[in-house]
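Labels run A, B, C, D and E following the written order; every chain starts at residue 1.
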Amino acid sequence: MTLSVEELTVCQNGKAIVKQVSLQVEPGKVTALLGANGAGKSELVLAIAGMMTVETGSISVAGQPITNASPEQVRRHGVAAVPEGHRVLASLSVDENLRAAGALLKQTELVETLKQIYELFPELALCKQQIAGTMSGGQQQMLAIGHALMAKPQYLLIDEMSLGLAPLIVKRLVKTLEQLVKLRTGVLLVEQFTEVALSIADSVIVLRSGKVCYSGSAEQLREDPEILAGAYL
Amino acid sequence: MAQRTLTLFIVTALMLGTCTYLAWGKPSSVVGLFVVSGLAVGSLYSLGGIGLVVLFRATGVLNLSNGAIGALGVMLAWQLQQWNFPQIATWVIGIATTTLLALVYGRLIAPGLAWRDPVVKAVATLGFALIVLGITAFAWEDDVRKFALPSDKISYTLLGLRITLTRLIVILAAIAIVIAVWLYLSKTRTGLNMRALADNRDISALIGIPIVKTETIAWGISGLIAGFTGLMFGDLVRLEPFVITFMVIPAISAAICGQLRNLGVVLIAGLCIGVIESMLTLHPVLKSVRPMAPFVIAIIVLMWVQRGRTNYFAGN
Amino acid sequence: MQMTKSAKIGLLFALLAFTFLPVLAGGQWIKIFISTGCFILAASGVAFMYARLGMVSLGQVALMGIGGWVMLRMNHAFDLPFEINLAVAGAVTLVFGWLLAMPALKMRGLYLALITLMAAGGLEVIFSTYRFPNGGEGFWGVMPSVAAPFRRPLVATDDADYLRYIIFAIVVGFLIIELHMRAAPGRAWAMIRRSEAAAYASGVNVVYYKAWAFGLAGFLAGTSGGLLAGGLGLLDPATFRASESIMLFALMVVGGSRGWLGVVIAGVLYRVVPALFNDWTIDADIALVIFGAALLHAIITAPNGLSGQLIDLFGKVGKRT
Amino acid sequence: MISLDNLTVRFGGVTALDAISAHFTQSISGIIGPNGAGKTTTMNAISGFLDYDGAIAWNDEKIDALNPFKRTRWGLRRSFQKEQIADDLTVLDNLLAITDNLPLSRDEKRAEVEQAIESLAITRLVNRKADSLNAYEKRLTDLGRCIIGKPKIVMLDEPCGGLQQEETDHLGELILKIPTLTQATTLIIDHDVDLISRVCAETLVLDFGKRIAFGETAKVLADPKVKAAYLGVEEVEA
Amino acid sequence: NDAVCGLNNGQAASGEPIKVGAIYGNAAPGDFSAATDAANAYFKCVNENGGIHGRPIQYLVENDQWNPELAAQAAAKLVKDEAVVAMVGNSSFVEMSVNAPMYAENGIMAMASGCAVSECFESSNIVSTNQGPLASSVGAAMYAVEELGATNISCIGMAIPSVGNWSCGAVQSYMESKGLNASYVLLNPAAPDVNSALLEAIASGADSILVNLPAGLAIAFLSVAEEQDLGDAYSWTSSTPLYDASVPKTLGEYWSGKMFVSAELTTIDGAGADNQNWLRVMDAYADPADPRDTFAQAGYLSARYFVKTMNEMNPVNVDNRALVTAAIQAIKGYDSDLMCGPYYVGRADRHMPNHAGIIVEVRDEAFHVVRDCFEYEGPYFEPILDAEKTLGLR
């Protein structure tokens, strides 16, 4: 019952950017994905979400392969991703954005989930009718996270979660993640604030130029930050 | 919403003003004739423009091959008429063919271009238009033909001009399509999916919108409209593939007036363009360049609605 | 100023064409290359606007019509030399380019493209209604009988020399664009392409530089139209239909918009290929089908245009040897 | 010194900035606030991208009458929340794009560019196309554009968004150098409170378009209102 | 088979072929290839029947696709690269206006068969067997005045100066010369809307409408007239484009007995010996799918006159373009039952040998001759008639 990535290689313009990466996201656990700029974290997240062609390797959810499946199929398998860079449907309103993100839900479920999202982000509830493209950077990030949560995912991949978010919101999000984890959601978290990431992560994977250069428990890193610094360099 | 209503109002007012200017000092009976005649042509512009906008709002593709597809449909229907097929069968087969063609493009070709910029997507449909047009022109060598519908024989008199039932059908169909599409896009979930898809295909895929299904429906609807439009053009304009194919260019002007979005404005703009074009006949100098009307009006309207608006953040 | 490899190859190519093309080609093919050359020059205007500013003009061929019209008008009305007429044609079209730039100040992307298409549609009607001057009386200068003679440049009265003249003009046109690209306008255009906010934040006077770009594209269209008029001695409205402007843009996308090779490919596809089809007596309708299919295929499979593919190919071959 | 007087911005019916007044006297100041508070809007108003009521001045030079590109020529520099450098130009050309439009002599322009490259130590980047840069290198380029040509106001909108800790630290160092390199007054938006408290002497806090605090950074961050609205320290609510 | 061609000696031609060129237009708006097809059939027949002084004709045909540049390229290929001695059977909407100066410059004659624009009739080195829109419109107008009692004609033309203004202008001057009224309405071929043109014609106060449009546009125009039920309110005539076999059926019952069309040459089924010979040549040498229409007749006629001229030349001169041109220019008084008047060329700045025609009526899904050969009148023809007098043809 895990989201597992085996020996994954992903290329961009003929250049391998993610090289032979293996990792596991387990239900009820948070895996933090760390690494310097350009290490290939975002590419990896997109590849799992079905947005990049996988060169070699495999991805599977609970034993079922989803390698090179369409993003929609991936989502049907319970995997939802928040890509980097506040990506929202710019010409639609906030409410329409969230409703569209619930395309796979039944009508009643949709209404209910929508309510939950607005409870999580009362900021969004204040501007339901605003066109998403005119929102502030942080508001768009909330909306992008809302997109993923609308799927009621079993596995949640978040790239640069706190990008552009006020500390207050980050705290709230961390709480939400903890709740979700309690409900046995598996989380893959890319986060530039290492502290935040380590505070909730169970295991950590560090990428360096596309390769896994460290993989271990978060506990260890929390105790010995030197290991992490070593991995980065 | 208020903004849109205002736009609609301004566009209408501008066009009425122009008509009044052109009609000034002419006997009202003559003016009436030209107005009715213009409405008849204008409804064709509207219909063409609506077909473009519906697909654009649903997929983000401005389909320049609408005309070519429609032309093939009506040529086929004509051929079947010659072979004495039952009338209804000829229309159904004609429209079914256009739907199929639209689906072929939408399912097989359009996805390969999904990430290109909208202009390239539009230009690519020109390639498809050339293919369809070439096939049509090859299959039906240049000859004198006429496509008739039973509704041509029934007519009503309006302000002194006889209007056939076919022309009324065009106007009513345009209105019906506008209302139906508006309801569909704004009230149904598939409609919302379409708008999401048109906005950004990547994000839509990521948030789980069933792309294949949604696009199939959108292209199917657009093929149906293109087929119907083709039949009407074939009957009311000319049964010549090239003429029908390139009717898409003036139809774009109606679509532009509605900013490729506002179907109500497209409808009204199309009608107004038709009326103005018709009334230009009354102007001694401008009458020789009457067909410029759609283009000039589109430019003026778009520049008007974009006036004062500088979007500093537009870009890629 | 430093020359890139691509520029060196381009100049060499132009030199070869200049020397041998007129010698090797017969009367028919010289004529074909003359009009190909004119459209290459015009396409270069569309290409730099698209590649550098991200702006699409679907009115370039219509603008050529204006240049051609002015050229003919000047030729039949005054006894001035070819070059002066050409300069006037370029200048007048440049002004029309500015007019097209007016909507561009507020719009971009598809809207802008469609506005230019509407302008092309309007011009198509004017051209087909009033025709091109052929030596008649009055402003429009149209008479029912055979056109009055057209004066070619003194150095290029016969077709072969005229082809050389055009190749020279293309090189000059490309150099003008290249000089722009390497200087302030090129950088300003790149910022505009990124976003207007970025351009303003760089101190770029967006209105001015957009108008400049449209003016330059218009100038190139105008001169190429004038040169085209010189090729035939007269012009026909059918050449300048709005759909031709779309076609030129499409072929520019197929050829590739970044660099001379793409533009040359676009010109060749636009004029040489149909001529070949015609020469092989392929039915015009079938030619349309082939052309459409090839267009679609190229747009889908070669996102950087055929020139991009060619360069990749030679790059690989070059590495291997 | 930058002074904002009764700065008000409306979008349709919504008031995004409500009569904000602040006089930034320090050479580097911060603007913080919850998401959607109006921070970016403030910068956009100062850049002239929005219609606003109120007045903006630097050392008593009013700039309200200038349009956006004139403001840049006058001495306003800024970076954007989403970086906005031209992908198809080299880093050098991205820098030159600014000096092109400044009323400087050829030599002065070259000197300015060289100085910026040197002080940010980005010599190895100058001939790289911007699309091959990583996020951090793009931010450096952005910063380079901001210190070029004797700026009077420099504004950075979330310069450290998406950067790793060490990169943020380094960028912070560079930002601290701005006052020594130029006479500019610098404004920074960021959600990284550590960064703000390290580099900004003075901070403005916005919430729902209103000024809720302004003053010395440490004091402002200790303000219960700020803690409640921004930092999310719930206990103080009582 | 008993088709009669050229020397008609039943011997296959041999030796070095004589190159003859032609340009036709076949693309978007219409197919003008019927004339070259017919000329080609005739040349094939000639090549099997003694050729030109025993030598075969090599007929080189190019399509201009209605594209002026292609037209110029085609002419360059034929005239310069292939060095044809003459152009025979040209039939196009654009070719003549583009290439007329070039033909003159190169001293080559074009014995065209399908001229449409004024430049074609008003140039020194082109002569056409067909009448073009001007002459046939004037013929239609004469019929409207003389038989249908028209006093005020509205001529519906294309908004192309060298076609619409030119031909409808001639109708107007004809009417004025008779003390009657006429006006014209020009229709932009790009316009989808033909209704307004109809309304404009009505508003002009005309009592007769002369449709001078290409067939497709004419059909569209007549459909809106039918929509308004104007068939009996006006008398209706048309220039030649409507004389096409499929027109009566397309127009339908409504127009039966109401529409009169001016035909440039004899009817397709004309009983004259030459017309029958044309049909035989077509049957024997042309593709069965090639049209048998007025243009095919014109193409046949041009080809026949050309062969006749060449065979009358000294055999040593037939490769000499200048002498061939001179011989063609010397043609005078050739007769055929296909054409109402004599065919001639002459040295002149304009050529329009065919300016007499017949009128057919659309009735019961077919055409019926209602008026046989008659000479067209009007100011436009005066200089032509004068020229004919000096040639001794009158």
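As a working rule, a contact is a pair of C-beta atoms (placed from the backbone, for glycine too) under 8 Å apart; a residue touches a chain by one contact, two chains touch by 3 or more.
Here's who's who by UniProt: A = Branched-chain amino acid ABC transporter ATP-binding protein; B, C = Branched-chain amino acid ABC transporter permease; D = ABC transporter ATP-binding protein.
Computed from a predicted structure; not experimentally measured.
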Common touching chains of chain C and chain A: B, D
Chain at maximum distance from chain D, centres defined as averaged CA atoms: E
Distance-maximising chain from chain A - centres being C-alpha averages: E
Intercentroid distance (Cα basis), chain E paired with chain D, Å: 77
Centre-of-Cα separation between chain E and chain B, whole angstrom: 39
Cα-centroid distance, chain C relative to chain E, in whole angstrom: 37
Separation of chain B from chain D, taking each centre as the mean of its C-alpha atoms, in whole Å: 48
Numbers and ranges of chain B residues touching at least 2 other chains: 137, 246, 250, 288-289, 291, 312-313
Junction residues of chain D, two or more chains touched: 49, 68
Per-residue overlap in chain C, given as positions that touch at least 2 other chains: 125, 129, 193-195, 197-198, 200, 285
Contact set on chain A toward chain D in their complex: 36-38, 84-86, 123, 127, 134-139, 141-142, 160, 162-172, 192-194, 232
Chain E-facing residues of chain C, complex: 26-28, 30-32, 35, 124-125, 128-131, 134, 142, 144-147, 149, 159, 231-236, 238-239, 271, 274-275, 278, 281, 284-285
In the complex, chain A residues that touch chain B: 49-51, 70-72, 75-76, 80-81, 83, 87-92, 96-97, 99-101, 103-104, 107, 147-148, 150-151
Of chain C, residues touching chain B in the complex: 54, 56, 58, 102-103, 106-111, 113-115, 117-119, 121-122, 125-126, 129, 193-198, 200, 242-243, 246-247, 249-250, 253, 283, 285-293, 295-296, 299-300, 303
Contact set on chain B toward chain A in their complex: 189, 192-193, 195-196, 199-200, 202-211
